[in-house]
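Have a look at these structures, which come just after this line.
Presented sequentially are two complexes of chain A, the first with chain B as partner and the second with chain C.
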Partner chain A sequence: MPPPTPLAPYTSPPPTPHTLTLITSLLPVPSTWLTQHLLSLHLSSSTSSSNPPSTILISLTQDQNFHLDALKKLGIQTQTLQRSTRFTFLGINDIQLDLPALSKTVREALSRASAGEEEVILMLESVDILLSSGAADINGVMDLILYIQETATHTIVSVNADDPLMRNEQHAALVVGLGHIAHRVFALRGLDTGVARDVSGVLRVTGGGGSAEGGKEVLYFVGDGGGVEVFERGEVRS
Partner chain B sequence: MPPQSLHHRRTHNLLLITRLLSLRDGVSPFTLLLDSLSQSAKPLLAEYARRQPPNTRTIFISFETVVAPSGISVFIKGRGKSLVNLQREIAAAASGSSRSLLVLDNLNTLASTHAQSLTLFLSSLLAPGMALLGVYHLDLPVPTKSEPGPSPLTLLKYLSTTLLTMHSLPHVLLQKRHRDVSLPPPTWGLDEGVEGILVGLGSNMEMVVEMEYRRKSGRAVLEWFVIGEGKEEEGGKDARVMLLEDHPLWRVSEKVRKGEAEELEKNGGIDGVTFELGITERQRKAREGVQLPYMDAQREGGIGGGGAILFTPEKEVDDFDEEEDEI
Partner chain C sequence: MSFRKKNLVINRGPPGAPSVPGIPSTPQIPKRPPPGARPSPINGQYTTSTGTPSLDSLLAGHAGLPLGCSLLIEEPGTTDFGGALLRYYAAEGIVQGHAITVVGFGENWVRDLPAVVGDAEKADSGSGGKLKEGERMKIAWRYERLGEFGSGIGGSRAQSFTRQDPKDIENPDTSTAPHAFCHSFDLTKRLTIPPAAKISFIPPPSQSLSSPAIETSPFAPILTSLTNIINQHPPTLLHRIIIPSLLSPLVYPPSASSPRHLLPFLHSLRGLLRRHSSNLTLMISLPLELYPRDTSLVRWAEILSDGIIELTPLPQLQDIKGQDQAPQGLVKMWKLPVLGEKGGGVYGQSGENLAFTVTRKRFEIKAYSLPPMDEEENGHNGGAERGKATKVDIEF
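Moving on to the complex of A and B:
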């Protein structure tokens, strides 16, 4: 068990079901490590608890092997995972970038996963690709996300929030709109002082609408091996 | 506002917000809640639902909520439905109830899909015994369409009888502290202008509500309230409501200002004096007792009685001419 990081109080699943967690990232500070971190937390919790959650990961930017390799590095037994019916992984190669097709895929995956009694966790990576590729409009994407949120126990959605993208009205409407729905928002950005050798970026965790938590900012560092260190500002690291 | 009316204003406005939250006697047919990522209106919606009398039918029309909040009688999904269908569903849900509260959790969606007919739709919902509560997110971009006419927000503001704008208490306090020392007010979230920041720190804490209540006469009542969570006291109790200026944290900085004002008054309105400019009673009496020179001149009548010019020529300096003087 790794030592508790400053992030620990924020990565526990929300107390109420049908909640949405939003992750925003920028091009220089991708959120894949955070997706994998949250994923590994869910998967490792599934080995201990009696009723393990079903997990669905849908990535619109990465392929299956990218995340599986990373999970292997985090100590998850990916071989048993791939054989398990509790784990559905759809990479960029497995899906069509087209809203009706994707909705169908999601619906099927969700109905398979929620057949049992256990909780269902769905992660949707870079959902804004649907907008920028012209596959759907904002209402279509929101409809899909709200459907997922309603069906799954917990939904984790990541979006790109770079300034040039945010200047697009539809894109900004999607990101801000998701922020209003989200129970918790993880926002990644670079250091205000520029690039550093030992800090990859800043992670701001805030509560979304109606969560009554003020928020927190921590720094993180993604090492060569994919290991991530999360620490407070000014903290002395070994 | 003069300080003597504060007590009166407090009593009056606290009563008003209590009436507004319970929507007693049709006090406000259409309440518009304006929120942002800094402070969501959801806790206030929950407070509204909690404060309704038991005979109220609360109808929630959802555009972004998937689970019906507590205290809701009817939950209707509004996404993708036509206004006519929605109207029919609402009418069916409200029928047979003498008192209903209609909650729309997101007016932005309707404003973007039905920009032209939104106000007409909302006014068609307004009926006796029906109160409307609509949330509009201020930070969602408005689609730029080439349609003529005012923006949906302008129309909604025009239509509403009460406007409630949400703020987060830490933000309001920090803004005040900056204002007090003439610094530009700080900004949060998207307004911070930092790439990658969506929600400001200190968001969604204690709720500050800026109220604009429009009386039938047309006069508007403006007030700021802090509406705290009611959970710390016995369960199910209403949240504590107080004027913002009665909040202990607001009063801290206000006390500093008041102290400064008192000091200013003592110094006869001159700021930044390190010594006292006034005098004590003893000093005043001592000053009165001082014998000033030329006291004669200050006496009634003075010297010579009336405005005479006293001139004593000096022999050596003045040119003395006896003949001329005699003329």
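Moving on to the complex of A and C:
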């Protein structure tokens, strides 16, 4: 079993299907590690059951190697994964910043994945770039996400929530709108008290508009090699 | 740091899923690094020098700019210190025989490149650098990599690998030495560009203000030529792309600063870098005067870059004798290549302020500390001191 972390109760898949998990990140505290962490939990939890979930990872800012390398370090057998038809990865070079094209790709991937009986998990990274680059308006992006949420068993969406971006009305509306329909929200931010050598940032987990879950705040540290440690405030670490 | 397990795996999968420790994050490593590249001490990924040793050592311990990565240099105000960094980067590439592509500027830009004067490593030790040969033997070699650079941010000294190469030390003509990773340059002299140098220029977008020009992206032709150039070069040849003064109204039409044009361009550049991650690097300088950091446009440019440096020039009060080494500006690292993408902020790396000094010989980034009190007073009361001096003069 993975060592228990303070985060464990919040990373299990939501009990009800068709739920959305929202991850918000800032420039100094990107969410890629959390995406990979959640993904690895989904992938490894499936090895015990007979029907592993189909996984679709769509990243608008990262390439395949970046995520696969990290997953490898988290103990996922990526080679098996890549051969498997149950795993679809679309990275920065597979997708253009174009809503009709993206939504066609997503629909195809989803229909392929949901052909079987197993659960479908879809992760969509940095979807907000569609909005900012003028490739889509907020309705288009929301429609796409709602479609994904309805079709996939679990949907995980990450967006950038930096102040300069949130000043843009459309961007703020997207992030807040997603927060309202989300079952769970992971918000990453820097340490309020300044910089620290052994803390990369703060992770706040709250129930989104779609749930009555309580909240939790933990600290995390990303090491040189990319290994991540999650711990409570004031916890003595080795 | 040497005693920490590099392959530490946190949150392993269940025991059923065997973890794969110790696999470097680069998928395949050819036998020998291409010229001008060397493996990163952190993860073995190949890196290339930015032409500025102290900048190399700031890049999250990689001791160079990892291939497939981009560096965004931001600068408020009207100065062009970032341009100096770009010129070192270009000059280093030419000296190493890399392909160079300059976007938005013509041949004039390359004519101003600084001349190579030798190997940066030896320039350091030779010109009374902090470590003399004899002293160097006393400390373990692995600490040597860490040492000297006062800022403590990068962890790894840029010099490490090439310094120990005996061939390098014997061969004084370092401009042709095969293993030199980073050279030192003289800003006052011009680099003679070898005829075989693979330099390409992509002209700036047309400044036409007619309505179709506003609708179509001014970056589309740049991207097309860039892709063509990349495809013409063999994949083993390292290639440096340089975009000086992005969005400067002198070079780019007003429509370039529209997010619907700039963002797809930067996104495609990022895609290109990822696709050609074994030979491509990119450096962009972005003047912040018209587009400050807290605009969503610049924030997106930052999100789409691998590393971000901000150079904030300090007001130069007056030229005071003996203050040649006074820093000309402050350096802020907002994002570090590779590590920044993984989620480790610059927070974990530095607690110190950094400043840069440009002299005739070099662009140097070092820890910034306020000068000792008396010196500071001299600095502040420069006028008063001069007043005193004149008083003395009068008495004479």
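Methods note: the second predicted complex is superposed on the first by the 237 of 238 C-alpha atoms of A that agree within 3 Å, B and C clash if a C-alpha of one lies under 4 Å from a C-alpha of the other, contacts with A are read in each partner's own complex, and residues count from 1 in each chain.
Rule of thumb we're sticking to: contacts are C-beta pairs under 8 Å (C-beta built on N, C-alpha and C of every residue); 3 or more make two chains touch, one makes a residue touch a chain.
Only a predicted model underlies this, so the values are computations on that prediction, with no experimental measurement involved.
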| item | value |
| --- | --- |
| Combined model on chain A: chain C and chain B, fit or clash | fit |
| Which superposed partner A:190 touches (first chain B, second chain C, both, neither) | both |
| Touched partner set for A:69, first chain B, second chain C, both or neither | second |
| Partner chain in contact with A:29 - chain B first, chain C second, else both or neither | both |
| First, second, both or neither for A:92, with chain B first and chain C second | second |
| Touched partner set for A:133, first chain B, second chain C, both or neither | second |
| If touched residues of chain A are counted for chain B and for chain C, the larger one | C |
| Which superposed partner A:204 touches (first chain B, second chain C, both, neither) | first |
| Partner chain in contact with A:215 - chain B first, chain C second, else both or neither | first |
| Which of chain B and chain C A:234 touches, first, second, both or neither | neither |
| Touched partner set for A:162, first chain B, second chain C, both or neither | both |
| Distance in angstrom between the closest Cα atoms of chain C and chain B, superposition on A | 12 |
| Chain A residues contacted in one complex by chain B, in the other by chain C | 29, 162-163, 190 |
| Chain C-touching residues of chain A, taken from the complex the two chains share | 1-3, 5, 27-34, 37, 40, 43-44, 47-48, 60-63, 65-66, 69-70, 72-77, 91-93, 97, 126, 129, 132-135, 160, 162-165, 167-168, 171, 190-191, 195-201, 220-230 |
| Residues of chain B touching chain A in the complex | 35, 37, 40-43, 46, 64-67, 79-80, 106, 108-109, 112-113, 137, 139-141, 143-144, 170, 190, 194-205, 229 |
| Chain C - residues contacting chain A, complex | 1, 4, 6-21, 23, 25-27, 42-43, 60-61, 258-260, 263-264, 267, 270-271, 274-275, 277, 293-296, 298-300, 302-304, 334-335, 339-348, 350-351 |
| List of chain A residues in touch with chain B within their complex | 16-18, 24-26, 29, 139, 142-143, 146, 149-150, 161-163, 169, 172-173, 175-177, 179-181, 185, 187-190, 192, 202, 204, 206-217 |
